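One chain, subunit A, appears in both complexes that follow, with subunit B as partner in the first and subunit C in the second.
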Partner chain A sequence: MTRGKAGYWWYLLPGAVAFTAVVAVPFGANLYLSLTKWSGIGDPRWIGLDNYSRLLRDEVFWTSFRNTAAMVIAMVVVPTLIGLLLSAALFDVIGRRFGPRTASFLRATFYLPQVLPVVVAGILWGWLLRPDGAVNAVGRAIGLGEHDWLGDPKTALPMVMLVMIWVQIGYPVVIFLAALQRVDPDLYEAAEIDGAGWFARFRAITLPQIRPETFVVTLTCTIAALKVFGPIWALTRGGPDNATTVPSYFAYNAFFNKLQVGYGAAVATALTLVIVAVSIGFLKVQRRAEE
Partner chain B sequence: MRSPRTMISMGAAMVSLALVLAGCSGGDDGAAGDGGQGGTLKLWHYESANGAMGKAWDRAIEVFESEHPGVTVQFERKAFEQIQQNASMILASDQAPDLMEYNKGNATAGLLSSKGLLTDLSDEVASRGWDKALSPSLQTTARYDEKGVMGSGNWFGVPNYGEYVMVYYNKALFQQYGVAVPKTLDELTAAMDTFVAKKVTPLGMAGAEYPAGQLYYQLALSKADRSFVDNYQLYKGSVDFQADPLRYGAETFRQWVGKGYVSKQSASLKAEDMGTAFIAGRTPMIVSGSWWHGRFASEIKKFEWGTFLFPGNKLNAGSSGNLWVVPEQSKNKKLAYDFIDITMRPEIQTIMANNGGVPVKADLSQVTDPRNKELIANFAAITKDDGLAFYPDWPVPGYYDVLVAGGQSLINGSKNPDQVLVDLGKAYHRGVEEIKNG
Partner chain C sequence: MSRADPDRFRQGKARWVVLVLVALTAALVLVPFAVMVMNAFKSPADYSGNGPLAWPESFQLDGLKTYWRQVQFEGKLLNSVVIAGSVAVLGVVLSLLNAYALGIGRVRGRLWIVALFLLANMIPQEALVYPLYAMAKWTGLYNSRLSVIIIFTVIQSAFGTYLLASVLGTFPKALLEAAALDGAGRWTTLWRVVVPTVRPTLSVLLIFFFIWTWNEFFIPLVMLIDNSTQTVPLALASLQGDRLMDATTTNAGALISLLPTVVFFLIFQRTLTRGVTVGAVK
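Up next is the complex of A and B:
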């Protein structure tokens, strides 16, 4: 190492101190707690890996991870696919035919749910979906009868997924539209002159050009889906009968309702490890794709 | 949104703070003396300013200040959740108040008392005669053994109000459909049949929160005696979830859903939904607690309403209200005891009674509103017969969620009563084992 390079290490110090204080130490403490039995007061009692072996046998824990897979579909897969189509349509069709103002207005409309605090969105949807809510009023009006959407284990998770799709769609649309701004318009014009239709242009130009943004959207949304808490808390509190429980709600419940801090810490650790593993996997795939 | 990282940080912060605070308080025992010369009484509670307790205790502060010239009451109104989630850290620190309202039960006051964070009030209770104002079932929530299990041992809190579950009914709807106030369970079901025949769902319900669990428990209590309550709540004996009274509770609840007494569409509703439907005059009856009384009195203007005890039950869900506790770290314990004493006086208790509260030592001749009188008289009748059976979610920490899940399943029919009872039993027995084994 040269003398010059060594001098720059000092600049990393504030970041390293902050990381240690805000991330490393709390994570270490959480890891320690996950190896203890503790009600939140008094001294934690060391029990080794008991919390983890209990976790592996806990049906609710596995249900919560299955529900997380549903959240990934609702918060990543569907919004990204719809977002791609919507942004391409807004940029390539609406923007050109009806002008950029119309496209901006529509973009803002799609983004609106992202501006709402997620708990507010959850409460609003809770009103719409309640037994005497607007959704059932429409159902009754068109002769479909009524249903307790969030109170039936068969429909609660699909409804939560629907709400999350509604919440999420604006995010990929805005990111993809920003990405499309940097695509050279000549590419589209040339393709059009060559007789390429909208779908051919979408496949051959739009998709490859915005690949880096697609990675960013997929990664950030996957992390958001893995740690989702607010909408579950606002809509269903994990019910009915754990049909919508997710790991972060499961951990919250263990921490604050059951006073099983050690067990809650084990859930949080497992969730963190999953998120870190998924993130590393994503970044590797992205790097390989870029090479 | 609470991210995992936030949760981890919170967990770690809890540890670090607890360690720091424990360190601070370790060699500080002398500070928590009984001097009473501090000049301030630091008092926290979480009752709303316009509620019965809030009004009564405001007056108690005035009386306290006039009787303790030179002493200032430093009052802070806290949120229920704030105290619920942070009490252990607060009480372990030297920032603890001198006197605090705190939740009763094994998982709250019991847990903290077993960790030495609350002052043993036994001597004060005896010398000031507070125990004489409290019936045995009200004393249950004030006393905890060394493991923090309520019902025996030393006094770690003093309640000065009570609460219980009853039936609220809409007199206008009863009149409209020609239904009389039922006095037995059979009369209640006959009344509900009348409403169902007219396509009115008779009983308001909310499966996503406590009401379902309370109805299940009320039904179970109709077949129970004190020994069942002692076994279930105080672990004095074994509890069989596959036998009556709990089997009767779950099966009857499910039958009531089947017969249309309770809506099949109420699994996702919250207690607030049930209450507002009653306030709006859409529901003939709800089975719920005395905490609604003051709100109904102020918000229901369009029709007459009344209450009656769950027909035929000698035991009813209910208990003392929350407790006055004196943190071990309190610097002015004597002032705290003086304040508790003032809140037990008839003057303060009467303010509570006249504002829709349920005081423990009421002078009915001083209560003006007939509905308030009825509320207090019913409570007095229950406590006189040792009829308070506490709440179904109390036995073990985290049991509330288990009960909510069970209630939802009974409403939406996703599980039969057998399966629900298996789930309830499993969680109960596991929790009791944990408490017993520490």
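Up next is the complex of A and C:
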């Protein structure tokens, strides 16, 4: 048997074949399709960059990315901030003063929405927000009247954001709690002896200590926000009037409802570019922070 | 918060304030579940008469039965188990083989290869879906569970390879050398030495691949159009599309659809939270 490194290449073979068939070739084909006009039947017709220039002039395309910014607020910014506070409260106060069982019960509660199929969560919320749903029943009961929350272009996007906050909140809580476990308790004790209050300790110890995890949470959630599809499909299908459309739904719609395959492929490629650019930007910022 | 009051949580009332605030937030998270459970057990007449907030007049299983029959739920469960289970096992095996070559074999150009897998993990499924859809039609795999199994095995193993390669990159050399001295070849070393040592990481991956695949929606929505191939989340979604469901059936359907994942979560809670963390630190 050879002892050199060459022998290890064999172990990459199944992965390479599968990866080529399921990722590389389809991705290349998508890139090609984005340069064609094709309805899915017959032969694609080469049109160069026309889809992309059309994209830049398409109002809906820009709306979809504006809505993505809203998704980043709902899936990254708000959950991370609330997650920081909740995990610090669970670790620092509840875990220490009320026992670890109380803390882990609450942690599990926050994490629960994360384990559901997100489209099931979307359908549940879709019912809650329906004109005859529970939210309006509360509104009537306290005399606020009712409202078609998802049917009104003004309230649809805020409602989708609310649902996404509900879905996402548990993820940073679980990660930050795990991160806090590895912080040296002596640091906190020393700070307490020095007379640092809770907020001072939070800012001087907690935040810097869990910076790597904060970074991972914001990166993975940003990518998830850029990709979001299921909740939009279940809640609004991008409507009303494209008020909640996002790039992935825009691409899906072009592929399978409008039969504009080339155009959908261009949208998907643009989305890929944005995701890769954002990820590289994140990694650069992280590297600079570590230096 | 003032310096004169270094630890107001030890005896003071403030810790109770914190507890109440956190518990209130947790209660808000639970409210949608509570409303769903309450309405899943009502009769349609009870619902239309008393509205969504009233306590059920009597405990009815009709909504659950209707939903179960309407979507033939046992078939959906079987599809989900077959698809998610196959992807979990195959995805872990594929990740392991890749990571063995990258992390322990240290093949040339491994950084680039890992970067490629990482990229595959970032690519949105929209940028693969139409060619995959066309390929599935062309190979006759369209609307088959196998198509979804193959696709997710590769997609999940992109993440698995990235994670396992970094775990195996720090594998103790002494163990490998001892195995070589005993005359074990690479294949034997992989299964007799490496796998037993990293078994905890492998089981975390297995559980994650299972639950991620179970919850997938986009590619199954495109690939599985038939009643006989659809998964648990798809069944609820496609029925909702018909607008045929009354409120009690919607709630019963949502309840049945999320029950398997909640049970799974309760059984594997430790592993899942540990898994999220493994992913975060690497």
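Note that the second predicted complex is superposed on the first by the 269 of 291 C-alpha atoms of A that agree within 3 Å, B and C clash if a C-alpha of one lies under 4 Å from a C-alpha of the other, contacts with A are read in each partner's own complex, and residues count from 1 in each chain.
Heads up, the rule we're going with is that a contact is a pair of C-beta atoms (placed from the backbone, for glycine too) under 8 Å apart; a residue touches a chain by one contact, two chains touch by 3 or more.
Note that the structure is a prediction, hence the values are computed from the model and not measured.
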item: Touched partner set for A:146, first subunit B, second subunit C, both or neither; value: first
item: Touched partner set for A:39, first subunit B, second subunit C, both or neither; value: first
item: Partner chain(s) touched by A:230 [first = subunit B, second = subunit C, both, neither]; value: both
item: First, second, both or neither for A:131, with subunit B first and subunit C second; value: first
item: Touching partner for A:27 - first (subunit B), second (subunit C), both, neither; value: both
item: Chain touching more of subunit A, residue-wise (subunit B, subunit C); value: C
item: Partner chain(s) touched by A:56 [first = subunit B, second = subunit C, both, neither]; value: neither
item: First, second, both or neither for A:239, with subunit B first and subunit C second; value: first
item: Which of subunit B and subunit C A:190 touches, first, second, both or neither; value: neither
item: Touched partner set for A:253, first subunit B, second subunit C, both or neither; value: first
item: Shared contact residues on subunit A - subunit B and subunit C; value: 22-23, 25-27, 29-30, 33, 118, 227, 229-230, 247-248, 251-252, 255-256, 261, 264-265, 268-269, 271-272, 275
item: Residues of subunit C defined as touching subunit A within the complex; value: 1-3, 5-10, 15, 18-19, 21-23, 25-26, 29-30, 32-33, 35-36, 39, 51-53, 94, 97-98, 100-102, 104-108, 113, 116-117, 119-120, 122-135, 150-151, 153-155, 157-158, 161, 180, 185-186, 190, 211, 214-215, 217-218, 221-222, 232-233, 236-237, 240, 247, 250-251, 253-254, 257-258, 261-262, 264-265, 269, 272-274, 276-277, 279-281
item: Complex contact set, residues of subunit B against subunit A; value: 1-5, 7-16, 18, 85, 88, 92, 107, 111-112, 115, 117, 207-208, 263-269, 273, 397-398, 400-401, 404-405, 408-409, 411-412, 414-415
item: Subunit B-facing residues of subunit A, complex; value: 22-23, 25-30, 32-33, 39-42, 44, 118, 129-131, 146-154, 156, 224, 227-230, 236-242, 247-248, 251-261, 264-265, 268-269, 271-272, 275
item: Subunit A residues within the subunit C interface of the complex; value: 1, 3, 5, 7-12, 14-15, 18-19, 21-23, 25-27, 29-30, 33, 82, 86, 89-90, 92-94, 96-98, 102, 106-113, 115-121, 123-128, 132-134, 137-138, 141, 166, 169-171, 174-175, 178-179, 192-193, 195-200, 212-213, 216-217, 223, 226-227, 229-230, 233-234, 247-248, 251-252, 255-256, 261, 264-265, 267-269, 271-272, 275-276, 279
